[in-house]
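Naming follows writing order (A, B, C, D, E and F), and every chain is counted from residue 1.
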Amino acid sequence: MAFTPKKDLTAKIMRDKIYSLLLQGKRIDGRRPTDLRPIKIETGLLSKAEGSALVSMGSTKILTGIKVEVGAPFPDRPDEGTFTVNAELLPLASASFEPGPPDERGIELARVVDRSLREGGVIDLKKLCLIEGEKVYVLFIDIYVLDYDGNYFDPSLISALAALATAKIPRYEIVDGKPQKTDEYFSLELNSLPFTAMVGVIGEKFLLDPQLEEEKVLDVSLVVGADEKGDITCVQKNSPGQIPIELMDSIIDAVIEKTGEIRRKFLQEVPVKLAGRT
Amino acid sequence: MAFTPKKDLTAKIMRDKIYSLLLQGKRIDGRRPTDLRPIKIETGLLSKAEGSALVSMGSTKILTGIKVEVGAPFPDRPDEGTFTVNAELLPLASASFEPGPPDERGIELARVVDRSLREGGVIDLKKLCLIEGEKVYVLFIDIYVLDYDGNYFDPSLISALAALATAKIPRYEIVDGKPQKTDEYFSLELNSLPFTAMVGVIGEKFLLDPQLEEEKVLDVSLVVGADEKGDITCVQKNSPGQIPIELMDSIIDAVIEKTGEIRRKFLQEVPVKLAGRT
Amino acid sequence: MAFTPKKDLTAKIMRDKIYSLLLQGKRIDGRRPTDLRPIKIETGLLSKAEGSALVSMGSTKILTGIKVEVGAPFPDRPDEGTFTVNAELLPLASASFEPGPPDERGIELARVVDRSLREGGVIDLKKLCLIEGEKVYVLFIDIYVLDYDGNYFDPSLISALAALATAKIPRYEIVDGKPQKTDEYFSLELNSLPFTAMVGVIGEKFLLDPQLEEEKVLDVSLVVGADEKGDITCVQKNSPGQIPIELMDSIIDAVIEKTGEIRRKFLQEVPVKLAGRT
Amino acid sequence: MSRPERLIDNNGRRVDGRRPDELRPIKMEIGVLDKSDGSAYVEFGGTKVIAAVFGPREAHPRHLALPDRAILNCRYHMTSFSVEERKPLGMTRREIELSKVIREALETVTFLEEFPRAAIDVYVEVIQADGGTRTAGLTAASLALADAGMPMADLIAAVAVGKVDGQLVLDLCDLEDKYGEADMPVAMAPRFNSIIMLQLNGRMSVEEFKKGLALAQKGISEIYHLQREALKKKFSELAPKEA
Amino acid sequence: MSRPERLIDNNGRRVDGRRPDELRPIKMEIGVLDKSDGSAYVEFGGTKVIAAVFGPREAHPRHLALPDRAILNCRYHMTSFSVEERKPLGMTRREIELSKVIREALETVTFLEEFPRAAIDVYVEVIQADGGTRTAGLTAASLALADAGMPMADLIAAVAVGKVDGQLVLDLCDLEDKYGEADMPVAMAPRFNSIIMLQLNGRMSVEEFKKGLALAQKGISEIYHLQREALKKKFSELAPKEA
Amino acid sequence: MSRPERLIDNNGRRVDGRRPDELRPIKMEIGVLDKSDGSAYVEFGGTKVIAAVFGPREAHPRHLALPDRAILNCRYHMTSFSVEERKPLGMTRREIELSKVIREALETVTFLEEFPRAAIDVYVEVIQADGGTRTAGLTAASLALADAGMPMADLIAAVAVGKVDGQLVLDLCDLEDKYGEADMPVAMAPRFNSIIMLQLNGRMSVEEFKKGLALAQKGISEIYHLQREALKKKFSELAPKEA
């Protein structure tokens, strides 16, 4: 069983410092409380993956790749393709990550990204059916944290969406009742573009997109997602601690504003086909 | 690799106390040497399991559930359904149980119950065949130890039998060569009702159904089963130690008497269909 | 993660002793530097394995067994049988082997034997096809190190080849498009007989087939294989350390000579059918 | 279990007859197991969970012990037969995530600093799953900690709210969870008016989210009341009878 | 391996020609491995096992060490090719159970108190399985412990009795085990006339059970004799030749 | 990826247009990750790897620590999407073998004795595999160690030679590896003219083997040069600019 790791001995001092700055609307790296770190998105770097994206948010770097196979649908959804999200916190990325199968943090990350994609129907899975009840496209969305300087949630979802948006998927045809690979490729249309912002609370103040030094001393943190309609698409309180209920309104407002900022950046840099637009 | 755990420091004193009482035909909780603790059997508590039973023997509590699927038969028995017995010593039940996959104790428990059911043909597996060599009913009998105050063997077998006896199994029909679920249910007939009694030996004396304080200080223990014909259905010496060979006759006599007592209790409380009776 | 184990405290003294002897062309057990220990090959000891061989090289003892099943070919080689090599360093064989799944040493051993057999096409896999793309013979070559007194590589390959050469494989016929076992058996023809010699380097000197006391203090070691044509069939540097590049020529010469010696011994004792010969 | 045509009928009643803001029948029992240091059984309709607590005990291996507080281990686990399709043995990814989420909630209210170098184990076992197992599990775990005499800042009460046929409802059952539009489990420490656990699977407008939180808060105050009653009952049983 | 029409013929002979109370040809060899502290090879007909012993050695991790005695580890394991259908790599549930049963038998006779804080490892490897592998394994492990010089109260001798075509037989082979009605492995410490291992798979009447124990006892005394001969032979080889 | 008719054309050019003794375009970058103590990115054509180093740190569990030197851990790992067919999560047998081979090479040149009781962790992550991942990985790991300031006897440079359509070629790409006759990864410490890693998969005559080693040596000296350039560039960036 896992347990919440112990805090640095110097954590208390750092927390007080960050809190004092927050009271003045400042942060240790010069950002304002709701500022995000610079985001960089590179896609199509890899040729053996059907889709790929390297996303950095400050020093935090995430690499996502997508592999596509043909497989069986889930019995209760015979006319839909399937996808799986995995996330590995590579030991390369931080002295605090251990080699081995994903621990609870990696699993939480994967499941938060999975829910963000799945619940909002971001991918139109019905378009990924080949033979109903028998053969469908199967997408593996594998997320690797390469460098961990706090908040792996937001860039992971960005990189998953960027890899999906730019994936070139080999088209299969049904020949004699069997799927056969063609030389053609197709792109996925996305129904929606949900993004998340990780929120850190200290005292009665909060900040967005904590870098590692901040993340380690937060009183409590949560990840909140929103889509282009302004709907909340995901919430995950992901640390011990109390969130004062009266803080939620301003948190939600900030998240909606800042995920909008991510979305504009994303649309500028990633050639995405959005369903229902031409 | 596992090894036999160390005994309590106070074990020697307790052993001598229990031994002295045994010499007077007494036990620490007021029972006579071959007395069992009170048995309570509740069935049909759960609606998502096809069969279920919560059995307590003193403070030891066992929950067994049965799930039924349709699957393939074993190649060497194409006309028989299959069953599997698993047992988990939940960490909930005792500070001495660890979370994780079943250790040797859980495996031994599962295999003792499995052999008790299998070797005597308790379940008529031929009645669980749907399409010979292809599709049969597959029963999962999963035993969970919820509270462990000594002797998890006897109540586990009782709860497995009670769950089997009261299981409502969805009937499948063969439609176009494929099994299809109907709205009907059927009950299993049982061919036999074997029960076990766990036996603890101290010096040249023995007792049945040890509670935990006793179990920890026994010189040696074994589990012996018997059925309604008075046949021995199972023996498992399950601890280090020597059983004086001359003790075996009186042990066997006591087990046959006391498993008979369990059987009468069971037949009073559990509506069981016994094969060959109407 | 594994790491290279620490060396004995007395290792330095022993190394110097072995090195001094090597300078005089001698070794601690009286062998000359390139002498192998006595090799003993017993085959067909076991009746439940389709092939088996017990090989000792000095005190190092290896037992290999072969089991044959019918299964599916690899998709990219639809007309070939398959084989798998596993190796277990049994804890029985040495206080330095732990129970549990193969560690990196066992995996390295299995993969070195696998490559020796696979890359040279020792087994004619096309003869092991039953129905193209569907059913082929599947060979499991399982190697167990029973007693470890240094150099498990050379005797493992010998025992794998001896077990293959003497295996009696049940012949299947295709009846109604399905493989059916007959009462007949057939032997495998081998296309080639590669053997390896493990080489230990100390200073600018080297020796072959180290026994355990030598193996523990080598500066560096490697395994080199050769076949009857004098081709190099395998190289695996298998320890930390530098091999002076100018040493390679004499190492290769020694390996070719000594694997020839193993081959002659093998051909004398094992009734092998070599492809292209009658 | 197939989707009913409607999850809320013309009279505003849900599939099990409840009003939108109505909890299922709740049962709480404390001290149900003999061999753990604290335990509790909780039922929310068809959802049945047991929680047990062991400790504080010595932490081992030693290098995991913390100098200034106890570590709290938590395992949320389901029996194989608690769900429609048999759950395979071993921990699923879902169970691992929920173990983390429940543990973090419990850590928030437990005074772990009182037991430096120690460990406390909390086990939540789902006997039957009919929606809301994590909230029922957390509610039960909090009672089991209280039963074990662990010093806590407050009890934790938890419930899910959800969106079903476009409408907010309290305390989702399995059918509503499966076929509804959103499921939001919430836990609070009522004394502090603070959120202790919060997740959202699905989509909600900001308006719905805010109303959902308020609805959860209403349910939580009812559950909190039941918890305190259950504890009172337990301890009055233990108390010496007055003459 | 399919079922023969009869397992005992008109002359009372078994499938391999033995009488009901006859052991298979037995071979015992001591000190067969070089690198363990003690070892033994045992054959009962087609059943072939090796056992090896390491230790006493320092127990690690340290917190497992016992202050008043050595811990004894034991692993019973089969090679993949020891059985008809290839056994998958890794430990099966059956192997884990038998490791426990054999270990507990060995602990019973070994003076573990002489080595506080130490560990002793016993490995039983089944090379070929033709019935009675646990009893052959225990017989071999006991010899390997003696070969390693471990102080023991007695040797353990073990054999299975069974019921086949309604009749009690000694030392089951695989075919009899598979198609017989009962298999009862028994181990004893002959010097103490006590049972050290006992299992029953299958059904026996009380009468048969008692007769079975007596039949096992007869076989065990023959095996015990062979064990002592093997040890004598081994130690006379080691002893200095007289002038 | 199916086999081209010929792997070397009439003009002696390889599938990607190279001459037999020509390396692919190589890219090296040092210090690419922020949170490790040293890191490097290396590309050999389509093969892309990152390596990172952590430590020296305290070894744990303590009983693994060595009194006279640091232990060096190494994990070679591929992302699931680095290869044609998705690689399953977790370590394959191949990855475990290559982790050993790379670790042993690194141990050879690193002054581990300077850090008794410590541990150093080296991680090699293959982002894309197009032949020669272990040699690129080792080349990168050696740079990452240098970036971490680890004292080393020399850098390690590595490359594979192979036999393709009967001819020796340098720096195999995936297609050549897959359809060629032999693949021989070689690593050297150029300053000592010694072999640090050596494997051969496939068959070569003795003559070819010797020529192959020489060809590897040629490639290695080019790679070594690039490594030193990359380090110089990195450290000149760090150095204070002259006035």
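The rule we apply is simple: a residue touches a chain if its C-beta (ideal position, glycine included) is under 8 Å from a C-beta of that chain, and two chains touch if they have at least 3 such contacts.
Remember, predicted model here, so these are calculated numbers, not experimental data.
Trainee: How short can a chain-to-chain path be from chain A to chain F, counted in steps between touching chains?
Mentor: 1
Trainee: Mind listing the chains that sit against chain D and also against chain E?
Mentor: Joint contacts, listed by label: B, F.
Trainee: Going by C-alpha centroids, which chain is farthest from chain E? Tell me that one.
Mentor: Ranked by distance of C-alpha centres from chain E, the top chain is A.
Trainee: Can you check which chain pair, B-D or C-F, has more C-beta pairs in contact?
Mentor: Between C-F and B-D, contacts are more numerous in C-F.
Trainee: If you line up contacts by residue number, which pair in B-D, C-F or B-E shares over half of them with A-F? Let me know.
Mentor: B-D
Trainee: Could you tell me the distance, in whole angstrom, between the mean C-alpha positions of chain D and chain F?
Mentor: Chain D and chain F have C-alpha centres separated by 51 Å.
Trainee: What is the distance, in whole Å, between the centres of chain A and chain D, each centre taken as the mean of its C-alpha atoms?
Mentor: 27
Trainee: At what distance in angstrom does the C-alpha mean of chain E lie from that of chain C?
Mentor: So the centroids are 32 Å from each other.
Trainee: With chain centres taken as the means of their Cα atoms, state the distance from chain A to chain E in Å.
Mentor: The separation of the two C-alpha centroids amounts to 58 Å.
Trainee: Return the residues of chain E touching two or more other chains; collapse runs of consecutive numbers into ranges.
Mentor: Touching at least two other chains: 61, 75, 121.
Trainee: If you look at chain A, which of its residues touch at least two other chains?
Mentor: In chain A, the residues touching two or more other chains are 1, 99.
Trainee: Applying that definition of touch, give me each pair of chains that meets it.
Mentor: The list of touching pairs comes to A-D, A-F, B-D, B-E, C-E, C-F, D-E, D-F, E-F.
Trainee: Within the complex, which stretch of chain F touches chain A?
Mentor: 33-36, 39, 46, 48, 50-52, 54, 57, 75, 77, 79-84, 86, 89-90, 121, 123, 125, 127-130
Trainee: Once bound in the complex, which stretches of chain D touch chain F?
Mentor: 61, 63
Trainee: If you look only at chain B, which of its residues touch chain D in the complex?
Mentor: Chain B reaches chain D through residues 46-49, 52, 59, 61, 63, 65-67, 69, 86, 88, 90-95, 99, 101-102, 140, 142, 144, 146-149, 212.
Trainee: Give the list of chain A residues in touch with chain D in this complex.
Mentor: 1-4, 6, 104-105, 107-108, 110-111, 115, 119-120, 220, 222, 227, 230-246, 248-249, 252, 256
Trainee: Please name which positions on chain E make contact with chain B in the complex.
Mentor: Answer in residue numbers: 64, 66, 68-69, 71-75, 93-94, 96-97, 99-101, 103-105, 107-108, 121, 182, 184, 188-189, 192-206, 209-210, 213, 217.
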